[in-house]
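Below are the structure tokens for one structure; questions will follow.
In this document, chain identifiers A, B, C, D and E correspond to the written order of the chains, with residue numbering beginning at 1 in each.
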Amino acid sequence: MDIATFLGIIIGFSLVIGAIIFGGASSVFINVPGMMIVIGGSFAATCINFPVGEILEAIKAAIKIFSSRKTTTNEVVNTMVHIAEISRREGLMALEDIKTKNPFLKKACLLIADNADSKIIRDTLRIEITSMQKRHAISQDVFKKMATYAPSLGMIGTLIGLVQMLSSLNDPSAIGPAMAVALLTTFYGTIMSALIFQPLAGKLKSRSLQENLHLEIIFEGAKSILENNNPRIVYDKLSSFVPPRERHYDR
Amino acid sequence: MDIATFLGIIIGFSLVIGAIIFGGASSVFINVPGMMIVIGGSFAATCINFPVGEILEAIKAAIKIFSSRKTTTNEVVNTMVHIAEISRREGLMALEDIKTKNPFLKKACLLIADNADSKIIRDTLRIEITSMQKRHAISQDVFKKMATYAPSLGMIGTLIGLVQMLSSLNDPSAIGPAMAVALLTTFYGTIMSALIFQPLAGKLKSRSLQENLHLEIIFEGAKSILENNNPRIVYDKLSSFVPPRERHYDR
Amino acid sequence: MDIATFLGIIIGFSLVIGAIIFGGASSVFINVPGMMIVIGGSFAATCINFPVGEILEAIKAAIKIFSSRKTTTNEVVNTMVHIAEISRREGLMALEDIKTKNPFLKKACLLIADNADSKIIRDTLRIEITSMQKRHAISQDVFKKMATYAPSLGMIGTLIGLVQMLSSLNDPSAIGPAMAVALLTTFYGTIMSALIFQPLAGKLKSRSLQENLHLEIIFEGAKSILENNNPRIVYDKLSSFVPPRERHYDR
Amino acid sequence: MDIATFLGIIIGFSLVIGAIIFGGASSVFINVPGMMIVIGGSFAATCINFPVGEILEAIKAAIKIFSSRKTTTNEVVNTMVHIAEISRREGLMALEDIKTKNPFLKKACLLIADNADSKIIRDTLRIEITSMQKRHAISQDVFKKMATYAPSLGMIGTLIGLVQMLSSLNDPSAIGPAMAVALLTTFYGTIMSALIFQPLAGKLKSRSLQENLHLEIIFEGAKSILENNNPRIVYDKLSSFVPPRERHYDR
Amino acid sequence: MDIATFLGIIIGFSLVIGAIIFGGASSVFINVPGMMIVIGGSFAATCINFPVGEILEAIKAAIKIFSSRKTTTNEVVNTMVHIAEISRREGLMALEDIKTKNPFLKKACLLIADNADSKIIRDTLRIEITSMQKRHAISQDVFKKMATYAPSLGMIGTLIGLVQMLSSLNDPSAIGPAMAVALLTTFYGTIMSALIFQPLAGKLKSRSLQENLHLEIIFEGAKSILENNNPRIVYDKLSSFVPPRERHYDR
């Protein structure tokens, strides 16, 4: 459970709702047709913009954010150094029996144990990394585009309200409430963009950078193992990926 | 038929039209001169911006969106592995008889069967890929620029309306309706940008990324075949392009 | 004569002028001091931003837009294949007599005929291409910056008008017309940006991409000729630059 | 103590507070719920956008700005030339005893003294540099995003105030003060963005570029030492990183 | 003296001041506290954003703009061809006596005359070029950021004025003049951004591109001299950097 994301959403919305209740007249802020046009319209624009599969992928990725990240960068480094020691002691074939939940590391070990050509191993792992990056970039893009469409739809809703109000200015006392309602869709659109879509796109980017870093470490580690580098050299090299303060080697 | 694009447009416009009808006074929202200035003006600016051929190409590409994509990434991988098996069993010359509707794959097979120099094959296929990418980028750019011009023209229409209204403020009761009409062009421009041009540019980008991915797989596959790699290695390498969950090999 | 650019400007301005006349009171829209501040101010900012030589270069490039493009991409390919045939039949020295209006192609032929080192030929032609790209990018940038300055100057004019109006609110009936006049500079700035400067910058980019593509084809063709490739291989390679539908070889 | 950053903040806020006091009615500008929604909301959005660790890292980096930078670029060059002299005179092993507070330089010296393979040294140091760049980029990104969220939350606060005011327009004399309060959150958001978050992100970037330059000099110096270049050549090469006026060699 | 920059500033401000005087009531446009908040505030934000040294560097670079550029691109080419002739006739050692005011060319000549390794010469000159580019980019960035801060501070001043006016709406006749004053800071900020900071950033970029081009020509020329290319080949290669119309060789 990633507490920060959860707390951020709770605190953000509490502050907004608090400000609304504090100012009284809070029922004015609920407007179902306005919500429909902003939420539904943003969703519709997103459906035109992306294939359905990519939207579902992005939503799954966003849900996965709330499950905590388990592995630290330093642990990945230690794992790779450990594997380098095994390969030095028992030979490359021993990598076949490495147990790991990381499918990329598994693939790297199997390719090495298979005695494949080192250029093929490098090419194959590089393709895995760039393909994952591209898929992640699309998921971030889905939320970035949602963060663009929500305020646009909010503005469309406000323009509809303004045109309707202005075209029938019979009762001056109705102007204020009508404008209040018209502004609501802009309010909805801005909140959805600034408190949900934009920050989620950002978190997906953070997660992707982290995962990508781990893959790069495994990739560099695999290259070192293939070149039969000494485990201490492997540690010196891979620990360079870790911020100095967090580096430590657990035997 | 790509249902999502179609449904997205239907739902988006239904919500907008629903909100208009729900608010009454819906006839106000139809203003033919306003529509002409936004649609015609955006089209005029696009005609200055791009050669006619590129605009037609973009429109054709947008229409092709509504026809469903047929090939999955995994199928392309399987096709290439299949071809690698044939080339291993029967020699590179056998590729001349490969039947395929993909003109890029056809060209790759013919070049290989022709016994061309491997550097020339790589260069030729690489030019095919980057040329296609450049042509696709122009089509996306046409819609991105339309998405920029539509709100600008909407604002021009609104400014014309405001100047006319303000310069003849004799009848106060006419101010409201005149402003309503002036705002309509901004409304048209925003809708066209947010519900049509922007998402279509996005979908063209998705399609292009997908097609480019397939070309990259064929390119990597062709390279592997030229290097006479074992079909299992070809599969290991090319399946790296596919998201892990979707990988499977159909014999 | 590039009809599209011409028609685009005619249609765009006709629609705007039509909307103005249709709304009556069209004389309000002419305000000489306002035009001076927007046009003169944008020009002044452009003069600070760019050396005079680059501004003149951009204007010349914009004027050249209205003269039609003569050579298609496929023709350039055919020319190169033709030259490859000559060089195969008669030797590299024969390229000295190639007649062409394209100065880049002329230079390539002379360098090859001169029997220069292939690395020097590649470097020299590459410098020609990137230097041209850089000069073209500056011309596009001149118009992009103009498209930014025009609305800013329009806003400055509007602020001047608003401050003057607000600081002397004696006669309420004068407010409307004064605001109308204040808005005019924003109107001028937006039109100049959206119907002239932005689309012209776009067209310069299209032209530049096209010319650059032709130079790349000549460059690749020259490399093939130096490597003494068979004309059919040269055609296979160079035709990859052309969209599949437009490829055909005229003997 | 970095005086400029400190003075910039003091002067910026003094001018704003001065303008407020000069205009009288300064108590109006303090609005606790408004501050809460802008500051708290921006912080909440940042918490959703980034992992907690990265936010803390960014804040630490921002605090470190106020401590003055100690080493000039020219000093780093001189240090490296000095080390090159030692290595020439006493051999690569002597680098083990180099005393330095720079952990990157320490690591470079140890790797060289260890007699490691030159490719491994280059790879390891390159990973150190790019990893540091990536961590710095994230810290800058935290402040850039804060600079985006603050005005958005300001606008959300203003919209809440406007909707509340408009929906209960009973007392016309209350309209002015209510709008004043509504505008305050936009005011807070703009100030936080323009006088704190944006410039701090900029300063972090300056610092990062400076630190990166020093690392590049150490990296190039280490390469020269490995290639056993003459100290004068090392100086000629490394001093190229320094602006001409600041170059001088202290023996 | 670069006339264009000077004239641009004169004309731009003349037009703005002309429009102000033409509209009467010109004394309203002078508001010292408003100017202080926009100019002082932008400067304060810039001081937080950049180290003092980089701001001074940018100001110096901006002042140097007004001194005319002396060397044309073609002259640089001719100089390099001349040096190539000398080196061919008298040997590389003769380059030691080349007299030039360009410190980069001087360094290149000395390195060549020193008989340094060609890889070291290339690396050293490349570092000089990229270091200069980075320093120039920072100076441009200072003005770009100023162009961003000025309108933000203008908006902050306007918000202060609006809040003060709205919170004390006792005298309706004071509303107009108070709003006029409030708008002035936005006016100042927009003018400073559009007529000073943005175009100066642009001119710095033009200058930097020009200087960089000259350095590239010297760099390519030095490489050719090291490879002992024939002066005619050097001319053919280097003249490719010059626009075709401006190429000519002065013996």
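Convention: a residue touches a chain if its C-beta (ideal position, glycine included) is under 8 Å from a C-beta of that chain, and two chains touch if they have at least 3 such contacts.
Quantities reported herein were computed from a predicted structural model and do not represent experimental measurements.
Common neighbours of subunit A and subunit E under the contact definition above: D. Note: centroid distance subunit B to subunit E, computed from Cα atoms, is 39 Å.
Separating the CA-averaged centres of subunit A and subunit B is a span of 24 Å. Shared interface positions of subunit E, defined as residues touching 2 or more other chains, are absent.
Viewed as a contact network, the protein chains form a single closed ring in which every chain touches exactly two others.
The cyclic arrangement of chains, read from subunit C in the direction of subunit E, is C, E, D, A, B.
Considering their complex, residues 2-5, 7-9, 11-12, 15-16, 18-20, 22-25, 28-29, 69, 173, 175-177, 179-180, 183-184, 186-187, 190-191, 193-196, 198-200, 202-203, 206, 209-210, 213, 220, 229, 233, 236-237, 240-244 of subunit E touch subunit C. Subunit D contributes residues 33-34, 36-37, 40-41, 43-52, 54, 103, 111, 116, 120, 123-125, 127-128, 131, 134-135, 138, 145, 148-149, 152-153, 155-157, 159-169 to its touches with subunit A in the complex.
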